[in-house]
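Each in structure tokens, the structures are laid out below.
Two complexes come next, and they have one chain in common, chain A, joined by chain B in the first and chain C in the second.
Then we have the complex of A and B:
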């Protein structure tokens, strides 16, 4: 048969005709044969000495996913991490603030002695430097504690168990169980959380996870919550309990955020993102012994320094802007005050004030600088009595100096939890969805909800005469 | 002067080729007309597959358009050589059938794509495919076919025409020639002669039913689908065509869904359900959920689901919806 040549066309035609004879399950058969081949190789090469490790893993798994202990353990771990962060950060923040503000005084004096013009001294030391000092003292300690603690749990292999425990709730709201993994990521940074939604295959459920990720307070917003919880809520309790009450308050705020995540997921999957729950498969990896060196490295260098550097990049220009605004005369006072006064009626309606809203507008590039911005505008009106950075000093400045009440503190916590994503996150949402529509939706629903909720709490509090 | 400029601008907006309002309207009309022709072709093909022929009435009913418009549509299609009317019957020509098969193929491939890859709920795919079936060229359709791995059936189990326009229709044999013990599936009801066909329908038999013979002699055949019995004369019964149940159907009878397996009860995977296709099936296979694998539920959940299953040395959590699509046999 050497004189018949086979052309590619013949081969294709032959394959085409043979294809119809294939049983429908031939793909399954191919994968099955690959797996059985792999099994053979593994059997030859891998020896299992004992089942001890597996049995131990089993025991832990039964404990952390059991009906009665699973959820309490989860809450307890969250509480411990936040308590460590709150109690450790408080001390360190004060220390750093004292050092950095002291350095600022030295610098300012030096500039004055050399005889540099007042506006240069002010711009450098009261603007740019003060912004940086605030961001470092407010942000660095909580991050340096929170990130390693969180990475520890991540490294241990505990997070997939959280997804396992909470999946039923996500199923009820029409979302994907892996959304809890992306939320966990959101604690570090919402932009990272949005990118992490790539683990969700269904486009509909991925969009839900993207749009609701902002309801997890990111590390840039944690300091705001911690400061308010410490200064306002915990101060009403005996000193020994302060850190526990503050941590409990922050946990409470986080749980409110989780509740809003479920509510919004449910609403979205019943309105604009209608659809059925899609396939859900989740691997529960075996527990690993955490590698402490690696944990410290990734959490300090990759996360803490990275986030802090980003915050400093926005804090420096923000500090400059505030200083300029505070030093342009306008009417009786300055421009910053004028804008804050103009925003004030709307702020009061929400149980906040004009300075807070101004701070949030200036802080659109990064949430980390909300507190520093606020402090700088307030301080423009008068220096702190008890020194910067201490709880008593902040309480004094806010309550006695600027008319804050408990309502202001609670609503600011709610506003910090619910308000629009920072510019980086909005850009990330655009990049991940390739759609300005969804980026806009993410801002509209979060900001709308923040306005609505704070307006309601303020109205209710006023109705009952609590403030 | 201003009026003239305005008028010129308006005229340009209307008459500009390709982007003008008039040409947009024209291409919109053309697309609408093409859709109508294609829907009519599909209806004719559908009728012919059932062994009947379409009529102007049935066409008017299916397309939901008035009779006068149907008459115009039929004339138009006759001119294009797509159909011939013989009395009140409408017959597809060879080229009409080729086009109709193209649309049918587009519809069913779209359904396959929407169900498997876009993972749209099954009750929504028909309407979406209805919208998309008119827009693909032959070459694009071949590409879609290849990307989906040349599926032979749509998610409802209907055959998808091949690119040569062949329908892989189940042949089947008369039930009078059926010798095997087990149940059989009705794949065709012969409609000639009409008297026999009407008796079959009157008895209550329908396409796709799974039946077994419980009695047969010279006088009658008694068939059962497990609930009711159907009695037919042998001459009539020979017009009922059956084929063996698909293999998966047989396997399923001896297996149970993974979701119903008790905690720590070891089992072997028998197969993945036929309804799991495309993306989800690939994911299952990638996780090592292949036939013959040992699996057991390892961790329960307070709320019933998901449960974690141990398979090939890993723990994999599945919701009950997914675990119901995996058929297992306890060992």
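Then we have the complex of A and C:
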């Protein structure tokens, strides 16, 4: 045995004893000398010629981060973005739907003329193609408008100002101020929002940010909200006001989501994740002139096309599954109907219906396909008359064909806002927390809340005889 | 990924070897000759520089904390292939939040051939704290003073020669957004790696008794794990009572981590090529 071998424990012990011999405060000494050296070096190298610097930036900052004007400006910007999205998407969605559904008719006719078997024609054109057509016409326009607008604000440097404005609220709930940054990322995609929580140092506050990220609607869910707000809520108002009412409704839903973020953060930090909010320094970066070429590239290619492609990958098989379910005879009708009927009592209890729940089950891989799935199951019972995919056609199908009321629309919006994260986000939560427990908790909290809230609104509406 | 032209200065410069010899390699980082790390405070334009060099479209955003994972890409310069690793932006390498750990672990264990510290010309003093902490870990440092255009707008003048003299490492002024100075940066990096530029990083010495303590620990660490990089820095962290470094030493993770790092890099590159976005 040689006694010259040095074990790790020797080193640690040596370090301990050396540390005890050092005068107290030696580490402050080091940090201090780093700072003072940095200061000296910088002073020698930097000359500030004039004092005209950041005047303009600071003037703007005083406005957008003031306690009085900060929040209203934030709401206004959110409102503008959503209004642009709603009013632009409505027109574009209708146009795309007309083209795509028209193409579907052509394809179906072509297949029939060639004399291909009915099941092949149906599977391709009424299953796979229809799923794709729905998802593109519902999702593409809102994303192509929302993402560039959001990326513009991000490049400009506005996001840290949002964090600055919301910091005190998050602190009050016992969460981390940077949670507003991760919340903002959630608007794009909740999985991205969950990954963004890495900027939060404390594990407790990071978990809160992860578990509550789903309460801001991601781009997969925005189209659902926009469609419902346009087709239902806004249709009760004069045509001139439609886009404003629809945008206002979506902003309202987003604010409800933010309110639930605060509520759940508060509850979590009072119960399972007890603790005080930690302090942090937030830097307000200078405003920078956004690079429009890059904004377009990032938002269109990286975000819009990426998300749409992901949605199409799930929409095609989902369309196929629905077509198969709708064409397997079961009792008087088909299997899709039978499952929807079986889920119906529970759906009605929540102010929804069986078809909606079935759509949510099929759409677990990606929330984007909820609306397409729902439409296809409904359409299985009869073709749309008023131009499929257009607002009027959707209204006809849902209200006249399937007994939807305002309660159904509102509760579906609430359900879309609160329900469980999509499979990608759940996997991301698992990867980030390395714990199935927290991944499960995220599902239980959101789904539980979605059931509870929709049950309450449905019961109240029925109690007062509104529906 | 195609090799698209970027905004390197085109006038008066077509014949400059630095300009003609950059080839963006995107994510083709399978075999590379050199590894270069990109460190810096948050929001100093690391990702912008990364995109300019690699031709990739890593998301950039004007808020601190945009990059929370490492992104990797490649470029070729003077027929040498470089792998470029974009680290999360951090103010220091001392605390234990996850983004700082990613940055610190890579500089320490990934053994990059050179580390570029991107700094903000308009907030140099604060940025230099990180430069000095990086120089504690590794000698091969090049400081890129970015956002020179913004500094001009604010009426500031940055004397990079004075900086370079004080810090003991090369300092290159750049404007990553327009590509200004990027060619000089590339040749400087290659010179530092080849040893044509001698670096003598400024280091904070601390008190004599502290120096003595460090000098006692360094040989012990080196004899336990021969070939370990940065024994001096590890000694300082141990004296500071850094729990994570203690754990790494006890578990033997320290010796294994050097070889493992390479594998992780390969896996990560593949992951980026599949997901490629944040």
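The rule is simple: the second predicted complex is superposed on the first by the 414 of 467 C-alpha atoms of A that agree within 3 Å, B and C clash if a C-alpha of one lies under 4 Å from a C-alpha of the other, contacts with A are read in each partner's own complex, and residues count from 1 in each chain.
Assume a residue touches a chain if its C-beta (ideal position, glycine included) is under 8 Å from a C-beta of that chain, and two chains touch if they have at least 3 such contacts.
Keep in mind the model is a prediction, meaning the values are calculated, not measured.
Trainee: Looking at the overlay, what does A:201 touch: chain B (first), chain C (second), both, or neither?
Mentor: In the superposed model, A:201 contacts both chain B and chain C.
Trainee: With the two complexes superposed on chain A, say which partner A:28 touches: chain B (first), chain C (second), both, or neither.
Mentor: In the superposed model, A:28 contacts chain B only, not chain C.
Trainee: Is A:171 touching the first partner chain B, the second partner chain C, both, or neither of them?
Mentor: first
Trainee: Considering only touches as defined above, state whether A:14 meets chain B (first), chain C (second), both or neither.
Mentor: second
Trainee: Could you say whether A:155 touches chain B, chain C, both of them, or neither, answering first, second, both or neither?
Mentor: Touch status of A:155: second partner only.
Trainee: Of chain B and chain C, which one touches more residues of chain A?
Mentor: C
Trainee: Under the stated touch criterion, which partner chain does A:61 make contact with: chain B (first), chain C (second), both, or neither?
Mentor: first
Trainee: For A:278, is the partner it touches chain B (first), chain C (second), both, or none of the two (neither)?
Mentor: first
Trainee: Please indicate which partner A:403 is in contact with in the superposed arrangement: first for chain B, second for chain C, both, or neither.
Mentor: Neither partner.
Trainee: Of the two partner chains, chain B (first) and chain C (second), which one does A:297 touch, if any: first, second, both, or neither?
Mentor: The second partner, chain C, only.
Trainee: Please identify the positions on chain A that touch both chain B and chain C, taking each partner from its own complex.
Mentor: Shared contact residues on chain A (touching chain B in one complex, chain C in the other): 19, 23, 27, 35, 160, 163, 201, 282-283, 285-286.
Trainee: Provide the residue numbers of chain C that touch chain A in the complex, in ascending order.
Mentor: Those residues of chain C that touch chain A are 42-43, 57, 59-65, 68-69, 88, 95-99, 122, 124-126, 128-129, 131-133, 150, 154-160, 162-163, 166-167, 177, 202, 204, 206-207, 209-210, 213, 216-217, 220-221, 223-224, 235-236, 238-241, 246, 249-250, 252, 277-278.
Trainee: Show me the residue ranges of chain A that touch chain B in the complex, using the header's touch definition.
Mentor: 19-20, 23-25, 27-28, 31-32, 35-36, 58, 61-62, 65-67, 70-71, 160, 163-165, 167-169, 171, 177, 201-202, 275-286
Trainee: Considering only the defined contacts, which chain B positions touch chain A in the complex?
Mentor: Touching chain A from chain B are residues 119-121, 149-150, 152, 162, 168, 247-248, 271-272, 274, 279-281, 283-288, 290-293, 298-306, 308, 312, 314-319, 321-322.
Trainee: In their shared complex, at which residues does chain A touch chain C?
Mentor: Touch list, chain A to chain C: 4, 6-12, 14-15, 18-19, 21-23, 26-27, 29-30, 33-35, 37-54, 151, 154-157, 159-160, 163, 178, 181, 192, 195-196, 198-201, 282-283, 285-288, 291, 294, 297-298, 301-302, 306.
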